[in-house]
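Next up: the structures, one after another.
One chain, chain A, appears in both complexes that follow, with chain B as partner in the first and chain C in the second.
And now, the complex of A and B:
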């Protein structure tokens, strides 16, 4: 059955793997191993002309032999064989197909023709097609992935990614899994987009209760007005963050007015995204940076930061950065916050926000100084988020960091981000301790503020 | 002019095969949608020019005005700061001679708006996004700095307000150097009006309001150009 929405595409009750392989490391085998590693509970039906058994599963020789009621097929065949496979799957009422093969429009003219054929097959049969030329998709709420990249168990969480590239659910997912400690809900590499496009997926994610924030990597918009209309509906409810690549210097055509000559694709896109409350970012790594910040923490209620720093240099530098590049401010603190900060600091220190915590730490020790200062700043109604830079070295002795997740639990409406200066191994240790406990860490001090800047922008469109 | 009359004007002009509305008609249309424009009279004789200037008050601006006259300044058909009835009458004869025998248009006698800040509002139809409204710095700075931001039409007043904060030179709308703070409500209405004119007139291809001069605190369209789509192109 052809499906209009992508519900079964993201939660198939049973799947077929067309082009399953017995050979270790082949996509036709890895995809099954991935599904199993993620605890997929539906039936998996491998298809290969040789038949037999694969990983304990019965292998069907043809698509025709498959049992009825399959929701999704993953087609791992050479490009030439794919249009027929789409039609064969449609004949079996399989509603969704993931097309892995490359060798289409991205390669040559013959590939372009083949892609046309595929698009036609998808249109005529009404089958929803992802790809071709994609590493597939991930849907952790359904314990499912169609990725053929060896991923193993994918961490679960509220972040969803839509990428106009095939390999987001491959190498880039591997990066997230190995370098960070946040989980994902739905991830999709769109590939060559013969059918399912960014706007289709956006529409699904808009009302997906498992998705807390949506990240896009885009190179073009197939249905720009519709995309913007959906964005307007979504951004009051969850952050939408877009990296748009391939910006042309001027899409300006022969124009009679100044307006038209200035109307490059990118300028108009920029205005449209802002109008819809979408946050546009300009660095690939920020797709991960903002995600790790928002995954375990609330979106800040505003752009006022309480900054606890062990060094005047950081205070000067970050203040410059926030003035010049980031739309963040360091508000004055309430008298009672200042009283508390004075209590825990030596008498000769002049205190303000950002808070220089070093004098207090030398007198009272790291743990006490940071805990008390962060608590005071978190309690201050003028502060929307707290960033602390900690000095961690073996020589000074690693403080117990238990107090940080405790503070986060006690102040669930205000994000806490931790950054470091000092011994890299200690930073890694602190990251490994804090992030699984819901406190994001940023080894580079600027990154914590960049992430806050992005989320403070998202906040402007969110209904409080 | 009312909105329905403005829409008929567009239809008539497209049917006549005009590529654009004259400045006079462009501004009448924009004014119908709520863009503040200069006070002006369209005249065809030196005598009428003089009478119009007397009514508007001196100094005035005199411009050639026709649907096929897109670059008045380059054609030498603009005179500013005319301070008396005689100057207006002389100016009229000079411009008429310059315009040549083939010139089918008329001449605009226009109040001379004084203000140090020049802004612009425009509209273009993007192939992908459709009607898009632009706001930014006007005058020569439009080309030099391209300090502009876009929004898709139709716009809300809050969209227009945001545009004002997003240009790099946003401070120019404040009370800088003793100049009055720009009337943002009026400016927002003008920006929204341009989007509405585009949305309600599919035959309009492009709009340029440049400069939109801030006189005291009030923005006023000093020049306006409405480009039309070729007949039968929809």
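And now, the complex of A and C:
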């Protein structure tokens, strides 16, 4: 039986890059540049038949020449060469391998045979293999990545991703890094799962203190029973959020040619996942949406939202969505909250939750109105989370937003999400100010509630 | 009976601004600045008891002093003063009024009484009133707006909006102008609909040659029967897309305090709207999403999509969504299309629609692979529309995107939508290049398909 512990994948003390390359932009060079950019402190041993030096490192001509004590090899060789590379690594006592190459079962019958051979090499040698057909993995607590996609320094944080698509630690990670302001702990592009599968990684992340929430993109479950068992243990401790591709006949057909996954019976799986406290999402973008919400903020203690809105139309629309699609409610506020809201509003304004802040903002200015209303609602014991939509435009004057991170600090158990209407450039400016200060923002008003709905679901199985 | 024709609203030859103000940022000044910024060529007559000059214009002290021949008055006075203003305008033979003030039935019982009084003044005098409680309206074919929100020059285009929220021609229009690249024809914030309602405006837009597609945000239908009758006539000619707020009990309650709307029975209405060929959407953001899709592109001739994807995971996920939520299909491609795709792909690649472009892009470069695949799929008679997702990053090199507007020109009957993975800044750059050249882009991969699904629904009732 292969060794269970994935510690060497996520915290290798030294690595070999087999198929290292001197050419700019080639995977065998980029992978080393990525490690350097992330401050990896272990030894890096490039392997290439030409030998010589690469980025200041001695290049070994063969795997056999490598020094001993290497924890992990990243193999960037054509598909045909990979089974032998696994055996060569085993001979040098390298117990963990990331296999980048595509061209296996996802391509044709010859590839299927090759994948069988690879699986056999892994099984016989006991070497743990990630891939093939993956852009690699990321482990920021170890300053490490095996990704060959030009990423540079990867922001650190509590989100871990496990994706049954090689691409995830490539272009999709680049998307997160460039469009969002949250950081990641461990990210794994599983690829064709010839050995290491989603359940292995789940087991590791279950007790990983660097991982605050776990997100999966899966096309199949190799070991559904074990996965569900781990889920039952994890979901009381941290949110587990799953997008399962191949849920329909068409999706399943596409999954077959993508990662050669045979879809499990989706309906049975769905029930089991829900029972185990896993939150199932249905849009790829929500892998980022819910992550940006949970990364800097607490999980809400329940589904009762205080909503501060500048527009009656938004209140009407979001009320509809909360009724139709989300399991979120707008609770009645305590008398003292209502008193405070009345104090900051012009007379004769009908007040309730959601709070129409427009009259107060017109009279007292945006900063005062939002600060006081949000403070009142955050203090209310009936409220678990606060969403505010702000209208920002240059012409009306940008308010100081300092009060929002201050409110977040003062109310550390209640998430605050901000959304916008108005001038795009001002919204981008507010995002750039608020998100590094721990307050997530959502360009579309619905998105703040979609994220909250996902996390309120995760809450249900969390203990304490 | 009040006059039916809204022509004076949408193409006034001269206007009065009653409650004009010299103070910067005040609605009574901004409204004039907005008209100027949009090149309004008619006469503007400010009214303010102080008289004097304002922005180079002679200020009249009272409505009575105004010259004759004024088509439209924009009344920016406190609620209490508005019924008299309507009567004063009638006396000066001004037949159309935009009423900006809030403080009517949406506020309290006194406001309800005032609104009754206003309705009576409109009825008795035959003066047509838009509002109250609205930021005004926009009519770019007449270089005109009555909005008091600082908008500047409003981009021209074929999209018309009718919204039962005053805000729409304010902050929400600012959002469209700053975040998107499409233009508008007529936009109306209905407000409390004391007189002019959604059906009046619908009737005008039905035969308006500047309006290519009509979008509604409604909280109630004052005259559902008439609205449905007009819809039956319009939907064979142009897409009519409706977001109906207050669809649920909670939403309806919120609508009551927003625009004092009594919700109609939503289920009955829903069936009637569908039968009349109206497409009903369920997210506020989709008012912008579908507009940006239809503004520069033809409505697809059907629901058969050619999908060019750089990731198997996207194919799996979108296949699921098309099965579960959208009425879109991925048709089999013609043999000659398949031949062409095979020619541009490495050997042994499984090809079908959706097209996994990654292997071809790896071998031939992004520009060649996308251009040839999109050309082949656009030429295929089985395909009604093409969606391409591109991975753009600085490190991999930005491809030239000139070929995309060229393909759009060559295939004028098939919409092309572009979405992205990868580097946010590159995607923004591509958006800034493509959208002014008539190709809409969608930052989230699901959104291109959401938009297409809405327009494929609209297609069903379109003639020819």
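Quick notes on this one:
Convention: the second predicted complex is superposed on the first by the 444 of 464 C-alpha atoms of A that agree within 3 Å, B and C clash if a C-alpha of one lies under 4 Å from a C-alpha of the other, contacts with A are read in each partner's own complex, and residues count from 1 in each chain.
One rule holds in what follows: a residue touches a chain if its C-beta (ideal position, glycine included) is under 8 Å from a C-beta of that chain, and two chains touch if they have at least 3 such contacts.
Please read these numbers as outputs of a predicted model, since none were measured by experiment.
In the superposition on chain A, A:348 contacts chain C only, with no contact to chain B. With both structures placed on the common chain, the touch criterion links A:81 to neither chain B nor chain C.
Once the two complexes are laid over each other on the shared chain, residue contacts for A:179 go to chain C alone; chain B is not touched.
Shared-chain residue A:224: touches chain B; no touch with chain C. Contact comparison for chain A: of chain B and chain C, C touches the greater number of residues.
Look at A:271: by the touch rule set out above, it reaches chain B but stays clear of chain C.
Where the contact sets of chain A with chain B and with chain C meet, they give residues 255, 257-259. Across the complex, chain A meets chain B through its residues 221, 224-225, 228, 255-260, 262-263, 265, 267-272, 274-275. Residue ranges of chain B in contact with chain A, taken from their complex: 19-20, 70, 120, 122-124, 126, 128-130, 132, 134, 142-143, 146, 148-152, 155, 159, 162-163, 166, 206-208, 210, 225, 227. For chain C in complex with chain A, the residues that touch the partner chain are 25, 106-108, 110-111, 150, 163-165, 167-168, 171-172, 174-175, 178-179, 217, 219, 243, 245-251, 253-255, 257-259, 282-285, 310-317, 319-325, 330, 348-350, 352, 354, 356, 391, 393, 395-396, 421-425, 443-446.
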